[in-house]
Every structure is written in structure tokens, then in C-alpha cells.
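One structure, pasted below without further comment.
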Amino acid sequence: MAGIMIYSDKDELSFELLSAANLISGHTGLPINAVCINNSEQAQGLAARGAETYLINNEAINLADSKGMASALESAAIQLDANIILLSSNRRGKELSGRLAEKLAAGCLTDVGSIKVNRDKIECMRNSLGGAVLAAQMITSDYKIIAVESRVFEEMAVGKEGPINNLKIEAQPAELEVLEERAKVGDTANIESANILVAVGQGLKSENDMLIIKELAEALGAEIACSKPVATDKKWLPEERIIGLSGKKCKPDLAVILGISGQVQFTVGIRDARTIVAVNTDENALIMQMADYIMVADLHDLVPEMTRALLV
Amino acid sequence: MDLRLSKEEELIQKAARDFADKMIVPIAELIDQDNHIPEEIFEALGDLEMFGIPFPEAYGGGEAGYLSYILAIEELAKACAGIAVVISVNSVGLSVINAFGTEEQKKKYMPECMTGKKIFSFAFTEPGTGSDPKQLSCTVTKAGDSYILNGNKRFITNAGFQGPMVVIAKDSETDKASAFVIDKFCEGYSLSEQWNKIGAHGGPLYDVYFDNVKIPEGNVLGRSGEGLWVLKVAMIYGKIGLSGLFLGTAKAAYEEALAYAKQKTHRGQPIGAKFQHIQISIADMAMKYNACRWSAYNLGFTADTVKDPNQLLREAALTKVFVSETAVEICKIAMGVHGSYGLMKDYKIARLWGDVIIGPQVEGTSPLLKILAAGIILGD
Amino acid sequence: MEFKLSKEQELIQKTAKEYAEKAIEPLVNQIEDENRVPDEVIEGLRELGLLCLPVEEKYGGAGAGFEGFVVGLEQLARVSGGVGIFVSVVMLGTSTIAVHGTEEQKEKYLTGTCKGSWIPSVAMTEPDGADPRMLKTTAKKDGDHFILNGTKRFITNTNFAGPMVVFAKDADTGRINGYIVDKFCEGYSISEPWDKLGSKGAFLSDVYLKDVKVPVSNMLGTPDEGFQTLKVTMAMGKIGLSAIYLGNILAAYDEAFNYSKDRIYLGKPISQFESVRNSIVDIAMKYEAAKLMTYRIGYLADNTANKAKLVKDSAMTKIFVTETAVDVSRIAMNVFGSYGLMKDYKMSRIYRDAIVGPQIEGTANLLKTVVATDMYK
Amino acid sequence: MNIVVAMKQIPDLQQVRIRNRQPVLDGVPMTFGSIDKNALETALQLKEAAGGNVIVISAGTEELEDTVKEALAAGADEAYLVLDDELENIESSVSAHLLAELIKQIENIGIILFGEGSGDNYSGQVGPRIAEILGLPEVGYVCDIELEDSRVKVTRSLEDCEEIVRVNLPAVLTIMADINEPRIPSVTQILKAGKKPKQILEVEDIGLDLKGDKKIITLSSLAPENKRKQITVKNGEELVDALLTEGVIRR
């Protein structure tokens, strides 16, 4: 029994998983099976990227029911003879991984930030202790479930066409029903995909000062993000813009970090940025140690100055 | 010795700190300006049972002891001295009722004064006498099964809030002092304008006038003629509260200075990293705060374990003098770290400066308390 | 939280107090004049377990922890500051070895001190100062030995046989390490004793090390642990001093209190005068604060696994207690008036002793910068 | 109806320092993870609306007996604990089995609540795993709960949308941190915490082999290396110039 199976509810994430599967397959020679549930568009996308694709068409399988979904993927894994299962570490993916792992008596790693294959050993890196440390871990059980964070792998490029097979799976009766699905109100910024981020923290004195931040962000072509208290305590920005352990993990080309002291709960979400600028009044602030460009200054002085410098 | 906080002590401290951070800190400046604490704050503090920490559960208290009481007062005072003053004086009233009150008096007055809706006062000081008990001029005269109270009291905290007040007055016939509980705003009770106090705003002071206030016989507190015993107990518990209070002020001053020294730069370098005298100031404050802290906590522990009132009074007086005087020193050092900025009301240290100087002046000035403690130490 | 000595600690306090009053008090002047703690006192302390309070029982110590140590030392130092320093340096030597020593080193030197006749010393300071980065004493590796050369200044207990922990710089790597030297070995010599202003009684001299040969096995800790060892020593020294000057405060308190009751002025004891009463209360108040700080550092030392971490708290305590001791001595002196100046009165000695505290083991201002640096980390 | 809240004892992360890329846990006090406190608050609000008991379950080292007072003080009625000093850094699969055993001891369960992730590892597995062990439906990332008779209507917050789901009880729910703000416990609640009923199980009672059933091995665990340029700039202009030169921004 050996093989790789990938699944995600999101098309683009499944294309990323395909890259991850290719990495593992490259070292181990294991076959790759891409599974789609009630989503033929995704199946075509995966096939176009060269995957051996299995489409499960059974409207009785409810995407929102982790129980039924786990059961469907369990039988897919058995039918496809796959023991390494790659899932996306988005919210649906994380719910599913725990449940599926329990079904398969599998070890499971979620929020995996990178994968290294050492002969046939798959080493996963993930944050632990609130982001204070990065742990390299390996699953030793027969079945292995790995949920990979978004943007860790590039989407697989379109190439040689793979086949689309139909896979027949019995649906379990769902104990829940979806009454409604609605778009999130208000802010829909996706700070994870932004190339430049301006992040503000508790150094910001009042909500009015958000204006100068907006001006700077516009001048830079950046999205605005924040540390947790700015959104949860002060409510100056929506929760979608929180960077950190319980927020988003971002890897922009440039992060301009203003008035954030740099507790690990925050830095864990930004430390993979390519270039980091830190502005803080305290030169000993932790954030300064992880910056490429350091400036000891009050952000209220610096931000307008920087905006002006950008606009000349 | 075991100097770790128990889980319960730690949680009470944390509850007070969380409440202070969330509810008091944002409006502390406003309280200082308006000299007024919003009623919601009292009610919320009542819900958290911050008014009744050391008092028996049977009367609505927490029965958590005086160490926990000091831990909580410290946290609240760190955010706003005025709120801590109100609680401390309220606790003085509760303490004496708890010690001397009849079952009936306890049932009537204690529970309501732990909710934040009624607040106790304690009235002893008078305009002509300062705090000398032998020269009391407030008098009561027996008339049937009541007493008639006349006279003035000075600098009475919480006198403007609804609730009971303990009054020490002299019996016109026996010439002995007794303690009475009255309801504020009863007939014949009136107040002066507020005193314009230098700091600890929010717990305003008034003079109180009694004009033929009728007190039922059942409202004598303790035995008739034993008013000075009541006073002694009040002094003990007042000093416990104030020790916690000025410990909190000292901590606030220290933390302000520390934050300022990290933030304020001089030619691109924070002053705390650049100047040795700032570093020495920070260490001095930390050291002095530590000494205050163990003294105050020790007083709380003593109050929970020691029964001898003289020993407790000695400890309470010494600790209050030490903590309040040291708090002034700490605040002075913190002011030094701030330079001219410390003089500006935009900076919290300016407010703390007004708060902290109150410590050595109230509930017995330092020299007066030393005379009192000397009597106990020298055993004469 | 519980501010209460355990029964055992109360008993240590009582034993130390009784022994100090009975056996040390009559010899105090002799100890001062000869600048030496008499052998019978050392033996007495050893027999009662007061010499090695914090050393583990398996090496012959009392196993009383540091809280027991500060409580006991306070009472000894109350009677004689010199004996206080003597005992404190024994603790310093044994603790440094106890924290970073090997089992063999501990077995040999701790047992030799607790059960034998050795008295340890610790040598860090040099004529150029006490900054560890400026140490000039060198240790040069030579086969299975190190060769030590250099001069150490103001070292206590150098006149007794026993181990001396010498901090020296490795001539090759530049790293600082502690080495256990047997005093009076070949190449070891000492200067005439320094004539100190106060806290007299513990022999204090310079030490000359000339080609002193130390086996490799006598190095303390691993080569890269040297700085930690040094930190431990620094922290421990300050714990000892805190207890000594707490004892000094207690002595001043006792003296002033008793004098105020005995001394008659205008027909009544001066304790009836407000200014004197005020002074007594000030002393009582300051003693309480210093006591809580000192007992707390003892408690902390017992409850901190990594003793090097105590540097900040022990420094704060030492500054507070030693400076308070000077304040208290001044106040007590005022109670005595001119009589306090006379050597016939114990107060004069206590006063001289007090000023020693803030000057040694790092002056107050130096230590404050150390504390502040730690707080800014 | 009993409402069960699972909480995890973790070191107070604010106090963890890093030395030589290793976390220093010496002397760091234990506490409950912050999202767990939101889960508890959710349970308390449900109880206030519909009655029942709030029962905290947790597995951890002996210190847990003290730590659990935080939850009992905040208003939980009862605690079911597995205590063992071996229970440190245990895998999600082991936690799930221990907690599932505790849940089996409790009757008449309506809702089992989890935080969406623990404060330290944040892997979010234990809730779904327990749902699987107990064969219950599960909804994750809940930001709103409305009780109906034998069902519950919840809002699940996904990355790009919200989903309103009706689910049969008993069910496992994992909640988001922004669902509420945990209350501050009152003094008498704090003092009563230690006296509330506690059921304590030993690992042997459950018959789980802690060491034998390892599914994950940790190869290394280090603070991430920081290789940054660390260039100090003096003003905004200099900063912008540097960024332009590096090519990360364009005017």
C-alpha cells in the first residue's frame, strides 16, 4: 500500500498541493492521485496540470459536514491505495484533517509551512509554542496526513494532460444542513496575497491616525494589516487584517511594520517576508531584531515623511 | 515562608488588573478632570465583589482576607487612586461594623455596602480638633430612646454617596466618646461644598454638618462610651487600605518612568539606554517598589493571622508610613526621569504626582503615626 | 503567600542568637583587635552547623537552604560584623563549588569545610578593579595542569587553610573560569592584612599567585560555563552581605532602643521625648523593610534553579539593605548623642561597620546600572 | 443539558523567552490558552440562556489541578481531569483519546466546545478527532450560536464567506476568538473555585499507553534563525531610497 492523495475544497489550493505531491513523488516515486468532490471544474484544472484525477460526483456528500467528508476521503484513500494524504490547511482543510486522521489512526500535522523530503522521510516544519519555535516533525504512523498552508508551494503549472476518472463513493447521512451561505460583510482584503504590507500596532495613538497610514499604503501600493489588539481590542481594523498566530501568515515582498513591539504571536505571521522594515520608538523592541531596515522613530512623525518621499 | 501567591490570590489580583485595564484606564484621565467616578464603575466593581474582599461571606463578602484585599487595591489604585480611596474608606466602615456591630446592624449595613450601590463613610476628624480624640466637639444627647447628634465633621470621604456613616461623637452627659451608625442624607444631615483636593480625584471630600440628627438607640456601634476602640480599629483598617493604595501609585509611577525611559530618545537613542543616571533612577525605583511591596503584602498577611490589635496597629502604622513616604520618593524619581514633560498634564506622571503626596498626609500624618507606633514599640 | 518562618528556621534563628550572645559577644573586642575569628568560635559554629548552613547534608552541611542561612547569619552579624563576613565568605566559597563543582570537587572541598578544618575563600577582585572583563590573572594550560599567575586584592579568609576559588583568564582562549586553588600551596603568598575601617574580624589581604600549579580537574565547571560561575558567585556574595547588614541594622535598633530607655535626661528617660521616639520608629520601620527584602532573597535563592539568575534581585536587595543600614546607623547615632562616639559604646562599632556595606561587592551606583541593564533586556 | 468545554494547560506564552534559539520554560507559569477562555465564555453564555451545567475537561500535569481554578472561578460548575506528570507535550491523538474518555463519563451532553486551536500548537485537531471518536457531528470556526430545541444553529466563519449551519445535538463545536470577550471572575467565584466538584482520572484508569503509541516524532525544535540585514536608517527619505535601490518598491 503506498501512494499520495491530495484534496482541497479550493481549486487554487489543490493546484498548490499538486506541487507538494510532486515534490514527494519525485523523491519516493509514489503515484499521485488528485481527488475532487462535486467539482468538475477543479477536476479539469487538476487534469490540465497533469494529475491522475478522481472526481467524486455524489450530491449527498455535504462539503460542510466534516463527518461525511472524512468518511468519503477515507474510502477514497482505501480505494486508491494512498497512505500519504495532503490537504490544504485552510479552515475546512484543518477540520477535515483531524477527523480523517482519527478515522485512519493516522498522525497528522496541520499548518505545515514547508516540506523537506529526506530519502523517503517527509519532514514537515510547523510553528509551535505559540510561534516561538519552529519544529521539524515527521509522521511515523502508516497513514500520514499533512495539511499544508497556502502559498507554501506555487500552483502547479498547466502541462501534460492527465486523465479524469470517476470514483464512486457512498455518502453518509449528514447530521447537519447548510441553511445559508453569505459573503463576509465589509472588508474583503486578502492580506495574504498582497506583495506589500503596512502593518500597524499599538504604537498607533488614535483611530484618526489611520488616515496617515492609508496615505502611506496608497503611496506604496500596499494593503494595511495589523497586530491582534488593533482589531480585537481597539476595533480600528477588521479581524481579517490580523497578522499572527491566530491571524494570517503573510509572506509579502515588503512588510513595513509600524509601532509593533514584536511578540512572537505577531512575528510568526510575518517573519517570512522578504524584506522587513521596522519603525519603533523603542530601539530594543523585539521587532528590531528581525528587520532589514530599522528606524527608531515615532510612527506619527515618520509616516507622513515617508509618504512625501514616495510621492516626490 | 512561602512568597508565591496562591492560585486564588493570583486570580483576584488578575481580576482587579483586568478590570482596571479594561474599564478604568481608558477613563482615568476623565475621572481626574471631573473629580467624578461614573456609577457604572461602582456597580461593575460591586459585581466583581471588589468592595467586600476581606469580609465574611455571611454578609455578602468574599472572605478572601486582607492580603487579597491589598493585591486588589494595588491594581485598582495603579489605574486610578480615587477609586481605591472610595473602596478603602468603604472598607473602614465595613471593618468596624464587622468588628463591633450587632447581628442586626451587620445584616442591615454590610451587604448593601458591598454592591457598589451604597458606600460607607467614617466621620471622626473635626474642624477644631484635627484628629485628636480627646477634643471631640460633636455631641449626642439622650432623648428618650434616641440620641440627638449635633456638630461638624471635616474632610469626610464618601460623604456625598448614599449609604451609612459611622460617626464618633461625645455623650454630653458622660463626656465619653461613642460610635454611631447613621444614614447619610437623613434629616439634619448636610454637606459643605467639595474640598478641592490636590489629587486622588473621584473620591471627593466634604465637611458634614449634623443639625439635630436623630439616632435610634439601636444604632450605637459597640458599647456606649467605647467610641475610641472603634476609632482604633478604623485606624488599623484604614492604614491597610492606604498601604495597598499607595503601593499601586508607586507602581504606576515606576512603570510610567520605565516606559518613558524606553520611549523618549535623545539624539536617536532612548534615554534609558544612553544615560547612566536614568538607569540608576530606574533601579532605585524598582528597589524601593520591591521594599514597599513586601511590606504591604506582609501587612496583609499579618492582618489575616495576627489577633493582637496593638501589634496590628503598630504594623499598620509603620507600613503605611513606609509605603506612603517611599511612594513619594519613587514618584519624585519618576518625575526626574520625565524632565519637563512630567509637568504637563498630558503625561500620567503629572496626575500621579498629585495623588502620591496625599499618602503621608492622611489618616494620620507620618510624624503623628510615628508617635503612635513609638508608644507601642517602647511599651509605655 | 505566607510570611512565616518555618519551625526549623525559627530554631536556627534561636540557636544563632544564643550562640552569638554567649560565645561571640565576650570576644568581640578581641576579634576586632586581632582581626581574626578565634579558632574556638570557628569550631563552635561548625559544631552547631552555623558555619555551613546552606551546604547539603550529604557533605556535612546543615541543609538549611538560603532562607535558613540569612536568618542565621543575621543573628551572628548582629553581634559581630566580622564573624558575619567570615561566615558569609565560607558560604560564598562552598556555594560556588556546590553549584558548578563536580561530585569529586564537592566531596573533597565541601566535606573538608563542613567536617574538616578548611575555610574557603573566593578571589575575583584585582588591583585594577572588579570588572571581570579586565581580569589580569591568567591560567595557562600546561599538560594536565593550569599555571596561575597574578595578584588578587581584598580577599577574605586568606589566612586559613582550605580551597580558594580563583577567577582567572585562560591565557590561550581569553575565557574566564574559576579554579580551585589550595591556599598555602607552592607559589601562594599573602600581603599584610588590610586595616579596614569597620566590619573587622575577618582577615583581609591581597593574594599573590606565582606559577601556582592547579590540576586540570580543579577547574570549576566546563570552560564555557565560567561566566555563569562568576554570576553565581556575585549573586551569592550579595545574599550574604544583605544578611550581614540586616544584622547590623538589628544591632543598631537594639542599641538605640535600650539606650533610649536607660538614658535619663531632665529626670526622665529620653524615650519620652518625641524626637527620640520618632527615631526609634524610623529604625523599626526600616528594619522591617530590610528584613522582608533579605528573607525574600533567601526564599528566592531556594526556589530558583539557576542561581545565576539571582544577580538582579540579589543586587537590589544588597543595595537596599546596606544603604538602609547606613541610614539606620545615622539615626541610632543621633539617639546616643556624644556617647555614640565613644568606643565604650557598642554603637560606635556598629556605625563603623555600617559604612562598609555599600562600598563592597560592587558600590551601590555600579550595581544599580547592573540592575537597570537587566531590566531593559 | 450539560455543556462540555475542553481546555488545554499551556505555559504563559507572554513569559517564554528564547535563549540560544531554545525556549526557556523554566519558571514560566501555566495557564489556559486564550481561545479556550473564549470557548468557556461561550459555554457560560449558553448556560445562562438555557440552563444546564458547564463542565470543563482537561488533561495535563499535576499543576492542572491548580490551573483549572481559572476555569472554575470564571463560572464552570465542575471539572473532569486526567492528571499525570507524563502528560506534557502530548500528541493531539493522545489528547483526543484522553478527553474522549472523560467525555464518556459525563451524561446528558448537549454541546462540546473547543477553541479553534490551542494557544501553543494551534493545530486544531483535537476537536474534530474527538467528534470522530464519539461519532458526533462537528462544526468548526463558529462565530455565532443560537440554541434551538434539540439542535443548534451556528455560523461558521470561513476564509471568504460565512456559512449558517443547523446541526443535531450532541455536537462538537470549535469557536473563534472573536465570538465573545471572556468575563472577569468575581472574588467569591475565585474562592469557591477550589471547592467545586472535580473528577480526577489517572492515565492507568483509561488504559492508554502514552509512550507506545507515538505517531509523530519531533526532529528539532528551534527558534527560527534571523538573518536580516539590520541596517539602521535615520529618516523617511533615506528609508525610501534604500527600498527603491533594493527594488522592493517603485515610485
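Should a chain be cited, it is by its letter among A, B, C and D, assigned in written order, with residues numbered from 1 in that chain.
The criterion applied here is as follows: a residue touches a chain if its C-beta (ideal position, glycine included) is under 8 Å from a C-beta of that chain, and two chains touch if they have at least 3 such contacts.
Note that the coordinates shown come from a computational prediction; the quantities given were computed from them, not determined experimentally.
Asks: Going by the touch criterion stated earlier, list every chain that contacts chain A and also contacts chain B.
Replies: D
Asks: Moving only between chains that touch, what is the shortest number of steps from chain B to chain C?
Replies: 1
Asks: Which chain maximises the distance between its CA centroid and that of chain B?
Replies: A
Asks: If you tally C-beta pairs in contact for every chain pair, which pair wins? Let me know.
Replies: Summing C-beta contacts for every pairing gives the maximum at A-D.
Asks: Give the identifier of the chain nearest to the protein's overall CA centre, each chain being represented by its own CA mean.
Replies: Located nearest the centre of all protein C-alpha atoms is chain D.
Asks: Taking each chain's centre as the mean position of its Cα atoms, how many Å separate chain A from chain C?
Replies: 59
Asks: Report, in whole Å, the distance between the mean C-alpha point of chain B and the mean C-alpha point of chain D.
Replies: 40
Asks: Whole-Å distance, chain C centre to chain D centre, using C-alpha means?
Replies: Computed value for the inter-centroid distance: 49 Å.
Asks: Find the geometric centre of each of chain A and chain D from their Cα atoms only, then give the gap between the two centres in Å, rounded to an integer.
Replies: Centre-to-centre distance between chain A and chain D: 20 Å.
Asks: Note the residues in chain A that touch 2 or more other chains, in rising order.
Replies: Each of 284, 296 in chain A touches at least two other chains.
Asks: At least two other chains touched by the same residue of chain D: list those residues.
Replies: 234
Asks: At which residue positions does chain B touch at least two other chains?
Replies: 262, 268, 273
Asks: Mind pulling up the chain D residues that touch chain A in the complex?
Replies: 10-11, 13-14, 16, 18, 21-23, 35, 91-93, 96, 116-117, 119-129, 131-133, 135-141, 153, 156-168, 171, 174, 177-178, 214-224, 226, 228-237, 239-243, 246, 248-249, 251
Asks: Please output the residues of chain D touching chain B within their complex, sorted ascending.
Replies: 66-67, 69-70, 73, 184-188, 190-191, 193-194, 234
Asks: Taking the touch rule as given, give the residues of chain B at its contact with chain D in the complex, in rising order.
Replies: Its residues touching chain D are 7-8, 11-12, 15, 18-19, 22, 47-50, 52-53, 57, 62-64, 68, 72, 268.
Asks: Chain D touches which residues of chain A in the complex?
Replies: That would be residues 64-67, 70, 90-92, 94-99, 101-103, 105-111, 123, 126-130, 132-141, 174-184, 188, 196, 220-221, 232, 239, 245-246, 253-254, 263-265, 271, 274-277, 289-297, 302-303, 305-310 of chain A.
Asks: Could you please specify the touching residues of chain A with respect to chain B in the complex?
Replies: Contact set of chain A toward chain B: 281-284, 296.
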